[in-house]
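Chains here go by letter, A, B, C and D, matching the order in which they are written, and residues are numbered from 1 within each.
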């Protein structure tokens, strides 16, 4: 039996719970997880569980293996709206995040950023710290890349999302980014999840290529347990036997996640497929399946990209894609998949170029 | 070196090819595959290959492992249109095939068939021979089921597609069905593929849950090699580690197949997911990704279905789904994914109820 | 509720069971599966199930989805011994089945067969009907291949196992083979399983590359339900994301199957790995993990094999392998993995060359 | 073209290489990776590559994607021997690492450690920092756990291996552990790999459950690039569709890795299977397939373990297992799988209890 306590647990409530566990002949283990107290008791009978669940200060009792709670509809019945600059994920419409795989130079970044803004996307992506399979690959520009991203934001008004891979870099990346990306390979990096849970930055949490949907949710739970509820989940393909695509995009995850969590879900067809030619059709499918957004790689000159060029689409393709996605959104608007709550009057429309910078940039 | 010959190969051309192989110091093996002669020669140098490829009567030379040829754009540059009754797969729009998992009784079948027709679907599905994991499961009504299907067709005017599992049943099923379904578990049943290749019935070939996209194409090649070019491919989910859905629907297969074959591709979200709740959103995604059709299970009383009840949607849901799919088709009509060639003026509209029966029914 | 009846079910018992179902307000469906009557009743409460289970003539009641029964320890507590010529699978020691992938010519076959016998293997394998991904590949010599196998048996005294793929060929193959192989791609070919269940030939049932261990057992159940209990299961690798080997050999399946079934289990490292270099070490691992046997491909000239040459080991390697396996068997003999029941005094030793032919050969 | 330079690269050699790249009309990117300089040049023709490869100071040129080099036989032809206390991985025989999943208390740890020593294992394992799917699970005792491990080492003389998950903890864990474990979920945590590459502690690098064999090697390359060549690889099961075991143990990885790397490979049957009952047979298979060692979870009272109890074997089972492994090693000793080079006269025998502590313990 694992007892998740409420954030407003009082010392008296805590004592009462511990006494209950002791009454079962067991010395409780007490831990702090993010903002909450977690109490480990003995294997529980249903009766004992019911007793404990009724105590003040108890949020949830897990009988066997603990799982997710804060991310579920049990904890929060309304959809969570995640605000990144003027973009609101989880409201109506399918938002578009776009940008190059890696930040390579100021010049290229500004070129791409303007194209992204002009195409109608509303968040800019770009990696300053890149996870790479081989140590000899280009792994990003680091702090210099963050500074370039900040300039691209200043120039275009688009908020930026960028990856953080190391617990030691969370503070640094938070100074520059509007949204922290946890990459696929880090979804099971629990110290990192804990660390971003301590910030109050929106988080883009990508599903591990080997992770089940439930594991994606328990990873998100790490962030929410730290008190950071601004989490967007991202389906980006899972590893299967099929090799025509780099990974197999699991679009079923979108409606399944809608059943299990109040968090918005976006889809990354670029990393899933690894092939520019099919990115637009997969992005359209993501809109039709009900995703809150898509994140695509775009480049003004994919053949010269230092990372993942073969999967980047061109600015013109992005423009057409944004149009197609809006057409699908409109076609399905009266249908059941459209969330009803609105966070702002028109979140799909990107911020104007004069949008004031929402984060301090050194 | 494997040499695939043309169907109009003359004896003289054949002699010339064999002489060429002999000239390489190798005694050729000659086989007949469907309508074609296949000649197995020695491992080939590029030069030798070029020589052979130039000979009259040679359609294609495979250097190492032979693969697919007749299904590729190399063999046929136009999209193949597959006609099933009045429905034309491969033309514009996303067609809907619907019906119960298994044919259970005349009464239920007629109920469902009318609902399918009224919802706007254009082909009726239903299993008379059902592959079942356990031998103690209901495995379909067999010939009685085929007769029920024929009555449902007579009543509604909808053409019917139904599965054949045994080489010994191909003739029987062909007497009743408008389209022969090769199920996922039979995709690697090469004698069966050969047998349906000998018929001139349209074939619905489902991807094996363990099969790569290229293997789906080589299985289709078996049918085309027999002279039957009326094949529709079907993506129906692959087996992965994820268990929230029965299989993982691989929608990327649709645009990938469009790059590799002239055959139309439909999507089966019912078997892929195994969960009624997410079938409509996956079917919408299939339309948006560019599928030629979807095949969904529908039942008037899913809780009483003898097979796969949990994945069947209700008639009302089907009606809404057909509407959503048409809306997506319309929204994307000017986009690049819409095939330009039209097979008939309006293939999406189902045949009227008085549609004359295209196949003799006992 | 699915009721599996005993083979000696009397008409009176049957009536009694049907009356019980009727008493639950449900009209039972009655089917014949192999040698047994199967009765489909309504969804069952535990109480109703207990009532039915007590009735005479009832072997087993499945509450939800039916699964395997005859293959389990519930049905038979002793290990099943499967006799193929003088070889006994399921007794002590790890038997070796060896031979070429495909039967190519009498000369090559006799060469390989003598090498197999001399190395100490006790069953000869070789394919006359070969499942091939592409229709243009060599698919075996058919009846001619069976005749060659019969000559190899006459020459060496080794019993032969060969694959059957088509229900229409079961009778023919049974005339020649001592053991019928159901290949990986046919594990879900239910009509074929039913057909071999009607014979009284030992069956070598290979796990599908996409099949779970439980599905392998329900496929074996098809054969046992037909009254044929001489089934050897074969682990031959499953399809995963890893591509260094053709498939991933799942050796855990051997001890897991030992927990779930009384049938012997052999391992095929040749098809699993697709690489000659690692076949011997995997075969040693199979012996150490407790397999009843291994099946390996061997060829006197792998570079000239018309099928799967790269995975065939040489006769000398086979000789060393048989030695290593016997050493492992001896080293672990007093350990818990050695079955205690002996079927014959020395099943590991192959039959002498003058072994009389156990099957009529035309 | 990515150029990996030698550790003894001189400034003049570097200039020469950069000039060569410049001569190709490209401005080179220069990075430092661990102890080495890496130079990124333009896409290379074969001719250009050959030119560059001939230059002094160049260790290896990768044409397209860079991969592993330092871990391969190209870089080092002799097997690497990894010394952990008196244990030498990579020499003859199969070593046994054993201990509880998590360090729970001093009392339990000492109990288990004595049992591990008495059974004949030669390294003690135990987790002080535990990666856990849910944030509410017991995640280890942290520094207190490390101190308990140090006491267990002092008591038994066994060197200890324990996991490090966070770059910020590498220094702390290195103070206590004889070997640093990188867990399956961290195999793609590149900052962590870089950090342990800076230490001179032996590293136990577990294969990610989603990682290919080649990716395991490129992750090891991160450590070697830092100058730390004492790396033991660990196969611990990959994620597949099969659910009878937690993961699918890929024993083929052992001989495949032997072909590709000079690093020793051990096998973890406990985490792979998740089921105590089959751990011993899988460990025997690991010995037979040629692994340098096995790592198994053992507990004196598995039912009370706070983590992974169901997969821990009992001390008696461990004793039998060590005996079986030695028997297999002896049976196969003259066979080809036994490495010929000896690091010490008898590495299998564990250190005596009075073994002086090889690492300073606070």
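Please note the rule applied: a residue touches a chain if its C-beta (ideal position, glycine included) is under 8 Å from a C-beta of that chain, and two chains touch if they have at least 3 such contacts.
What you see is a predicted model, and the numbers here were worked out from it, not measured in a lab.
**Student:** If you tally contacting C-beta pairs, which comes out ahead, A-B or B-C? Let me know.
**Tutor:** Looking at contacts between chains, A-B has the larger number.
**Student:** Starting from the Cα centroid of chain A, hunt down the chain whose centroid lies farthest away.
**Tutor:** So the farthest one, by centre of C-alpha atoms, is C.
**Student:** Starting from the mean Cα coordinates of chain A and chain B, work out the distance between those two points in Å.
**Tutor:** 38
**Student:** What whole-number Å value describes the gap between the mean CA coordinates of chain B and chain C?
**Tutor:** 32
**Student:** Tell me, which residues of chain A touch at least two other chains?
**Tutor:** Within chain A, the residues that touch at least two other chains are 210, 239-241, 243.
**Student:** Inside the complex, what are the residues of chain C that reach chain B?
**Tutor:** 2, 4, 29, 31, 33-34, 38, 40, 62, 65-68, 131-139, 165-168, 185-186, 188-191, 193-194, 208-210, 215, 218, 221-222, 225, 239, 306
**Student:** Quick check: in the complex, which residue numbers of chain A touch chain C?
**Tutor:** The contact residues of chain A facing chain C are 239-241, 243.
**Student:** Where on chain D is chain C touching in the complex?
**Tutor:** 210, 212-214, 238, 240-245, 248-256, 259, 272-273, 277-278, 281-282, 284-290, 320, 324, 327-328, 330-332, 335-337
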